[in-house]
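Below: a set of structures, written as structure tokens.
In the two assemblies presented below, chain A is common to both, partnered first by chain B and then by chain C.
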Partner chain A sequence: MGLTTAARWRVLLTGVLALLSMIGFMTWNVQSDWAFIVEYRGSRLLAMLLVAVAMGVSTLVFQTLTHSRILTPSLMGFDVLYVLVHALGLAFWARLGLDSMPSVIFILDVLLMAGIALVLFRLLFGDSVRGLHLLILLGMMGGLLFRELTELALRVLDPTEFSIQSGRSIASFSRINLPLLWVGLVLTVACVALVFALRRRLDVLNLGRDVAINLGVPYRRTVTLLLVVASVLVSVSTALVGPMLFFGLLATNLAYWIVGTHQHRWTLLATVLVAVVCLVGGQLLIEQILQSRLPFVMLLELCGGVLFILLLLRGVRE
Partner chain B sequence: MIEAKTLSKRYNDRLVVQDVSLQIPRGGVTAIIGPNGAGKSTLLSMISRLTPMSAGSVEIDGMDVTRTSGSELAKRLSILRQHNQTSLRLSVRDLVAFGRFPHSGGRLNAEDQRHIDEALDYLSLNEFQHRHLDELSGGQRQRAYVAMVMCQDTDYVLLDEPLNNIDMRFAVDMMQLLRRAADEKGKTVVVVLHDINFASCYSDHIIAMRGGRLAWQGTPDEVMRDEILSELYAIPMQVHELNGQRICMYFRMG
Partner chain C sequence: MAGGAGLLVILLALTSLNVGASQMKLLHLLTQPDDRVTRVLFASRLPRTIALILAGAGLAVAGLLMQMLARNRLVEPGTVGTFSAASFGMLLAALINPGMALWLKFALVSACAALGSLLFLAILQRIPLRSALIVPLVGLVLSAVLATGSALVASQFELGQALRAWSSGDFSAILRGRYELLWIAAGMTLLAMLLADRFTVIGMGKDFATNVGINYAALMVLGVLMVALISASVVITAGALPFVGLLVPNLVRALVGDNMRRGIVLVALCGAALMLAADLLGRLLIHPYEVPSANLLAIAGSLVFIVILLRGRRQWA
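Up next, the complex of A and B:
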């Protein structure tokens, strides 16, 4: 099973677009000296690439695990869970004298968040995922619950901090959390390498739990590992720019359409490319070329949201 | 040999399978029969490690299924459950190729391709091999999944109600195929059946379950008897001998 010729062209085209987006982002409308541009835009570009890869890959993995094209880790409240852990941690880490080391705090947050996500997922679904609609419902409720808890925690802990944090209820690429860039890069590369190494197992997982076990995939271990990977990737993305609800959904579904197969070596590549085109290319187009004042992230989320509703309606009809 | 010892499964307070001990020898076709809710499918999925047991143990050729590595077991035992539906756009050949996963880890070599061709041939799926699963009828899709399991080429093949939703012609084809797999390839086939007459005509050994317990077991001649079947299914049943086969009548009695 490979790609059809048309699919190969589509992947190639997406790749070229991704490359052009990145070059455009770095070189468009350069007015000051290059050293500054490379440093300023370079770090922003790196952050956007990390977010694109993290959101895209975590959603792809999550969709394979739940056998759905509609669910994303963000819809299940993973990103808000991270914010909650971070908010609750703030007070605690400060007491331990760690508040001057954002990377250490970040790693602790990530570990804690992955642990909690894993326990919650296991409690709710035991060994396997059944009933997509139940999953969506619980996810929505979980997301709301975590959001409210976060606000409550922040209000109690530090009212000034609250106003800063609540400004982060939607992602922003003008206020990127740059101190976390390098640790985010390391974590993202490690996670993506792991997912790539497990790509053939992911193909089998797509056939469902029973078939996967029949074919000798260590199901429980693999699912646990992949859930941790998804949690870490969501944490990286959320820590860098804030929560994004529908972006991953947009990236994976465009990728499925582009490659027309469910083989993960192709969907993985296409998801990353599409995510980069949407995020970097979209930002370039809206903010630089069109000089629009429209909030770019909102626009992206709107597209993803509309797609979500369309997919949901199609699912209901089937 | 498959050996189950004092096997039980409990869901909350309900015992679905209680204290079942049995041995299924190598070779031949073994049918598991019994009324709805007798625990047939649960028994089969505990034997094949899909469902963890609450108590007891299962050994396949002396290997404990809960302790042997999944990939090792996947080369010896395959299991196909009832509801196999996927929303994936997969061709029949791609699905069948997954059967080689335990052997090749997903990188198909020439020998794997030979096994895939053979399995497609065995289930007469050659002409459909490039069709997508969602374009097939229920019976064809069922055969594609059976082909995947055959392609896995294991000594033990376990099937949960493979005759569900397929018409008489394909049901007969399927049972003949399982018979051939046992006779020609020396496989041990264990199959859950609802149609006791198929069990009577095609199996070497029948295991009858009721209320989560092992009720009777033996050859078709031993189990296909009026009093046993009437008690098992709690309706009047009569066994007749037709063309040397024991056929049970129960559709309209008295």
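Up next, the complex of A and C:
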């Protein structure tokens, strides 16, 4: 129920495209032996899938929580918060002798970051979300502040080493943080399963806070849970490849257009599929078929930014 | 008030002349004058201090102008895409001919900066009913989009490192002979002071301005050009320096109110003082290394921006 025939076809088509991109990514232009290809491309593909799922789902959840189609957790500074927590935590974890265990550090970072994000969100906005533009501006300024503080901290801690550590201001799929792949996989699967289990509750949240409470949703608890999920997903994606500001926006809005409904079982599916097509398919197209060195993530970010301005203009006119 | 600000600028400028990697102090001019002392002073410290004053005053006034053109107090050249467009111009100049003559480069970067500002103002035109907050939001995203575009182009030509240097300004490389472009910014600052009345009227909207006999379109273009020339000279000399144009006019408004004919001199002086202070702090924080002023300004600027947003919350939400 819920989907028109045309929408069903569009979802199916996206699914096929996603599948084709994955197969193409693994098999196009194979010149060396398969064991190496499976290991090298397979780990990259897994990382891209994780990032696509994490970015898409966290943005979808966030947009439902805030009743807006232009917000992403990254726009609110979640990804930069992770980078800051990681940079500041590094010295501290090393003192505890944890620096040889990146997975443990990662989980500690994620916990810390989810806690801070929750406290910030509650402090600023209390129970309900009002003033969308204010929210985004605060998020962007907060993000800028975190980023510049991180830079300052790195510089002051070690002025000579600075140039080595900087330069990761935008995501890149040629430098994937592979040691975190498996723990990232576990976290992502757990989060997505949780979101999928809560899909009906998300549908109700979409109707607004008061309606949701009236219909028996434990509002505060659900929002807290979903915020934690969004923080964890953003952390996974940021830790694996680096920050991406607008990609989630692109994925969810294309997904809304494809399914034409706000039922989460469909939007969730479509968001994941679109995100996979964009990331894996786009990477395949640029890197293998066109043989270009174009940093593909920047291209995605560019499209997302333009889309954001367009959505902003249209939202005002309505 | 202006006198106090002037005194502050002089004090900061004297301190700036005394601080640096070499152990030169101004007093040495009297006690042990020799070649080395004068050379450090006139080749490095003095140019740097003058550059700071001119750039700070120019940027603060450019911010004020941009706020009047966009009719919004939460914008400045760094947050509406003017600086990003200017950095793109630097990139173009480096691609066309790395050894391009300075005046040609200046013209190119200014043109890009002007186009960036015009793009922003054109997008604003398409928003009929604007909330006070959508204006800076559009500007910030436009700025991010332009910056991403530049980064995309730069990555194709191995110019990413250079682009990052242009987008994050500091004054550590200023020597005699490498800051004189900033006198153009100083000229524009003076011009803005002379035309302060008219730009105040522009800030009241098209209908009102036309009613009192102002050539609205011409003055808008002039304003965009002045902002572009100031931005271009600063970006070429030192790199983009964010938030000076936002912090200072809002501070001055809080002090003396909205009358900008009286306020604009104070804006220029406070801009110079802020720039000097940011650069001094950057020089002292991890002496003898330096933190770029852009880094410190961005921290201060985003903090103050957040405070402004939260304080005006009831009005904006």
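The definition used in the following text is that the second predicted complex is superposed on the first by the 310 of 318 C-alpha atoms of A that agree within 3 Å, B and C clash if a C-alpha of one lies under 4 Å from a C-alpha of the other, contacts with A are read in each partner's own complex, and residues count from 1 in each chain.
We take it that a contact is a pair of C-beta atoms (placed from the backbone, for glycine too) under 8 Å apart; a residue touches a chain by one contact, two chains touch by 3 or more.
Small disclaimer: the values here were computed from a predicted structure and weren't measured.
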More chain A residues in contact [chain B versus chain C]: C
Would you sort A:V306 into first (chain B), second (chain C), both or neither based on which partner it touches? second
When the two structures are overlaid on chain A, which partner does A:I213 contact: first (chain B), second (chain C), both, or neither? first
Would you check which partner chain A:I136 touches, where first means chain B only, second means chain C only, and both and neither mean what they say? second
Which holds for A:T4: it touches chain B only (first), chain C only (second), both, or neither? neither
Looking at the overlay, does A:E148 come into contact with chain B only (first), chain C only (second), both, or neither? second
If we overlay the two complexes on their shared chain A, which of chain B and chain C does A:S172 touch? Say first, second, both or neither. neither
Touch test for A:Q288: chain B only (first), chain C only (second), both, or neither? neither
Within their complex, chain A touches chain B through residues 1, 67, 69, 200-201, 203-204, 206-211, 213-219, 260-262
Using the touch definition up top, name the residues of chain B that touch chain A in the complex. 45, 48-50, 69-75, 78-81, 84, 86-91, 93-95, 97-99, 101-102, 105-107, 149, 152
Note: in the complex, chain A contacts chain C through residues 130-131, 133-134, 136-138, 140-142, 144-145, 148-149, 151-152, 155-156, 159, 167, 170, 245, 293-295, 298-299, 301-302, 305-306, 308-309, 312-313, 316-317
Parts of chain C lying in touch with chain A, wherever the complex brings them together: 123, 126-131, 133-134, 136-138, 140-142, 144-145, 148-149, 151-152, 155-156, 164, 285-286, 289, 291, 295-296, 298-299, 302-303, 305-306, 309-310, 313, 316-317
